[in-house]
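Look at the two complexes coming up: chain A is in both, with chain B in one and chain C in the other.
Presenting the complex of A and B:
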């Protein structure tokens, strides 16, 4: 029952072929638009181990905080707004809330707070929002999106008080929350963190050395197959399609070569775009020679 | 969209079995389950309606649902298998101890009565035998208007191939008459191995003839509707409900208002 990726409704796969050496490549601008990055995987062909500078980049990803049972009205706290939201880029996401079952909360770096609520919660909250339509039928999820940097949402403003009353007394929304702040780190968040049960986490880095990896020749296959193959390598799926294995029938796209060894590194957690930018810069400055150190 | 629920886990005296069932349900992602006490009155001897055991007696620590940070919610449900009109006594006080009330009619007349008259939440469609009667639009539409849902259970289909045929046939028959509205899919599982995850049940619903969104609703929003309907059975028009104060021996009780979130379905 797996859908052909090209026929799935409402997906967009943009494939851009360029080189890091080309100054006009759009990788950086694309990465800036991604607010919540969970995982970055890098596949380095013909490499045994990462160079020390690459390793240090991987290990220096900004750490993030997990706050247990954070009442969401705390995100409207004056001190938090002054010290964190107005200053730099704060990324926040509710943890362990399923988008099709629970209420979800996201805080974007540009100061936008978005709540994705089910019908009951939305009606209780009493704030403006619009229905979130997945198909063109009855809507059962609603989205409330406010710009915290807007003048009407300044502390004391009408919209601010309305949302604060809604979150404090009508709908006491409380979730586990992941929070990450780019310049300033823990210091500016300390006031908020000290009131609740919090823990600091570093993004997890995992490395795998792969041997005898079958890979498609570059520029030989279409983007969809290349994406499928990359995903299979990252998820450690066997691509042999042997008759005795019923788990997967993935095969490597045609016109393939075999690599002696390759290195797959992935880092996961609440990653910030600026850390990913540094990684891309480090990768683009690597000099490519077979058997790189 | 609401949380995933499985409203039919068969009760068994064996504590470990029930505990396994609830733990598997929590592991699969169900946030609410209901333990089903099946009551089949026979004309020969007088039987008493079973009393529900308190949940903390049966299961020590409620397991946390996988992927969320809340423990699973366990409710009590009674299913009365009716083969005669006198088997279901409306407003019987024994029924009040259960959170959900279901009925399984075996003849056409009883089905009509259950849809239009009786104060129940769920009507079970039998899946272990060929349907003894055909579904007519009139009682089904009446039931949909009242907020009563129809339940199809799938554990029998897992056990036996003949049951699988009956389950699919009966389910497709039901979907043709009710057009996919007010249907819930539940397991009726006796063992933990007979439970399946919510997304698998959604796929199964599509096999029965439900559309994508109807199928997802049958495991989430419609079940939530059933729980709300059951709560309003204890209220007056869904607005006011009474609670017995434990200290007083008399029947005097305090009135209190139900929370604003509840929407009453017309009963």
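Presenting the complex of A and C:
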């Protein structure tokens, strides 16, 4: 009983420290693999404001669309597949569907469609899938994952028709859907958007000027503490608590310095890896001096 | 478990930490029968401690947790607890049913290993610029991934 109560989820943390010019620097390749980026936060020490070029990068993140009550079988529409999915220019995610309770849908840029379904929906759909790897004792959630670019899922094929019938007639899965396209791919979505209630959204940029920010020394700070402090700054958590405080004992990790000012900028929405890469390139090419820009 | 690739002359260093997350973070909201009721941050923490005591006894009530952030208007709080205390804290929140004779419920909105809670169970990259002798260095704890 006691062993169960103190059980913790397994975790893996990899912390790299290097110059952007180092050949081992993997930040670009890591970002490229993240298809569903919700938020990017940047902390610029000793800065009051961002340079105009950096500001323009923040303000030029690609817009995304929200489609209300999209029947998921529409993602198998022949024209949509030809003009968007096969070009690798579009990805999307069901909106406000809870991964532990509702049916969720994800469409990757490489054409992979993944459905995370509860047991009843999976049985109704009648398509092959496997139990979710996050199940505990009983199989209560199932994953259906298909590569829409594979020849077996070509329009008119057996696999394609079975999935289409499952989504259209048996399960009739319908969710709000966030859809994003790579630069230049907007036209491919127009036919799909015109059939449903949709709205366009620009990623939200928020800026905060911080003064007298207590900051740990990155070289000597352990990765977990540094990550915790970074998250606390981003979440606007108070870092100065006395040891006798009832509410919180959270303090900035030792050894630390105090920055006169710093700028915290965050962008949130359905963000493209391409836009995050541009941001990283802009940040790494900044000529750096205290006071910025 | 930790493995470290030592710093080379170029300054590259990699640290890999497995199952070493000391804290877990919970974003919670208290829902009260009377929607106009409000609690201060001290009252909220006392209420959670009382819940821990009622379910897990004196030893449970001694479980140390921090209220990192609290919004009195929406009754939403960000809590930090040692990883080994997560199950006890979470279970006591779930089973809290009454606050001062009115029905209540704690909604656990998110649970994460990171303070920057905004999404669950996603690989996470943090980037920090550090100025050292006019060099721009990226120092990022990255690829925090839940293991099955």
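One rule holds in what follows: the second predicted complex is superposed on the first by the 270 of 293 C-alpha atoms of A that agree within 3 Å, B and C clash if a C-alpha of one lies under 4 Å from a C-alpha of the other, contacts with A are read in each partner's own complex, and residues count from 1 in each chain.
Note that a contact is a pair of C-beta atoms (placed from the backbone, for glycine too) under 8 Å apart; a residue touches a chain by one contact, two chains touch by 3 or more.
All values reported here derive from a predicted model rather than from experimental measurement.
Student: After the chain A overlay, clash or fit between chain B and chain C?
Tutor: Aligned on chain A, chain B and chain C clash with each other.
Student: Is A:46 in contact with chain B, with chain C, with both, or with neither (first, second, both, neither)?
Tutor: second
Student: State whether A:235 touches chain B only (first), chain C only (second), both chains, or neither.
Tutor: second
Student: Pick one for A:34: touches chain B only (first), chain C only (second), both, or neither.
Tutor: After superposition on chain A, A:34 lies in contact with chain C alone.
Student: Which one hits more chain A residues, chain B or chain C?
Tutor: The partner with more contacted residues on chain A is C.
Student: After the superposition on A, what does A:224 contact: first (chain B), second (chain C), both or neither?
Tutor: second
Student: Mind working out whether A:283 is in touch with chain B, chain C, both or neither, as first, second, both or neither?
Tutor: It touches chain C, and chain B stays clear.
Student: Please identify the positions on chain A that touch both chain B and chain C, taking each partner from its own complex.
Tutor: none
Student: Show me the residue ranges of chain C that touch chain A in the complex, using the header's touch definition.
Tutor: Checking each residue of chain C against chain A gives 7, 10-25, 41-42, 45, 64, 66-70, 78, 80, 83-88, 91, 113-123, 125-132, 134-148.
Student: Using the touch definition from the top, list the residues of chain A that touch chain C in their complex.
Tutor: 4-20, 22, 24-25, 27, 30-31, 33-34, 36, 38-39, 41-46, 99, 133-134, 218-219, 223-224, 226-228, 230-232, 234-238, 246-250, 268, 280, 283-284, 286, 288, 290
Student: Report the residues of chain A in contact with chain B in the complex, numbered from low to high.
Tutor: These residues of chain A touch chain B: 1, 96-98, 100-102, 118, 120, 123-124, 135, 137, 140-141, 176.
Student: Could you list, by residue number, the parts of chain B that touch chain A in their complex?
Tutor: Within the complex, chain B contacts chain A at residues 1-4, 31, 67-69, 203, 212-213, 216, 220-221, 260-261.
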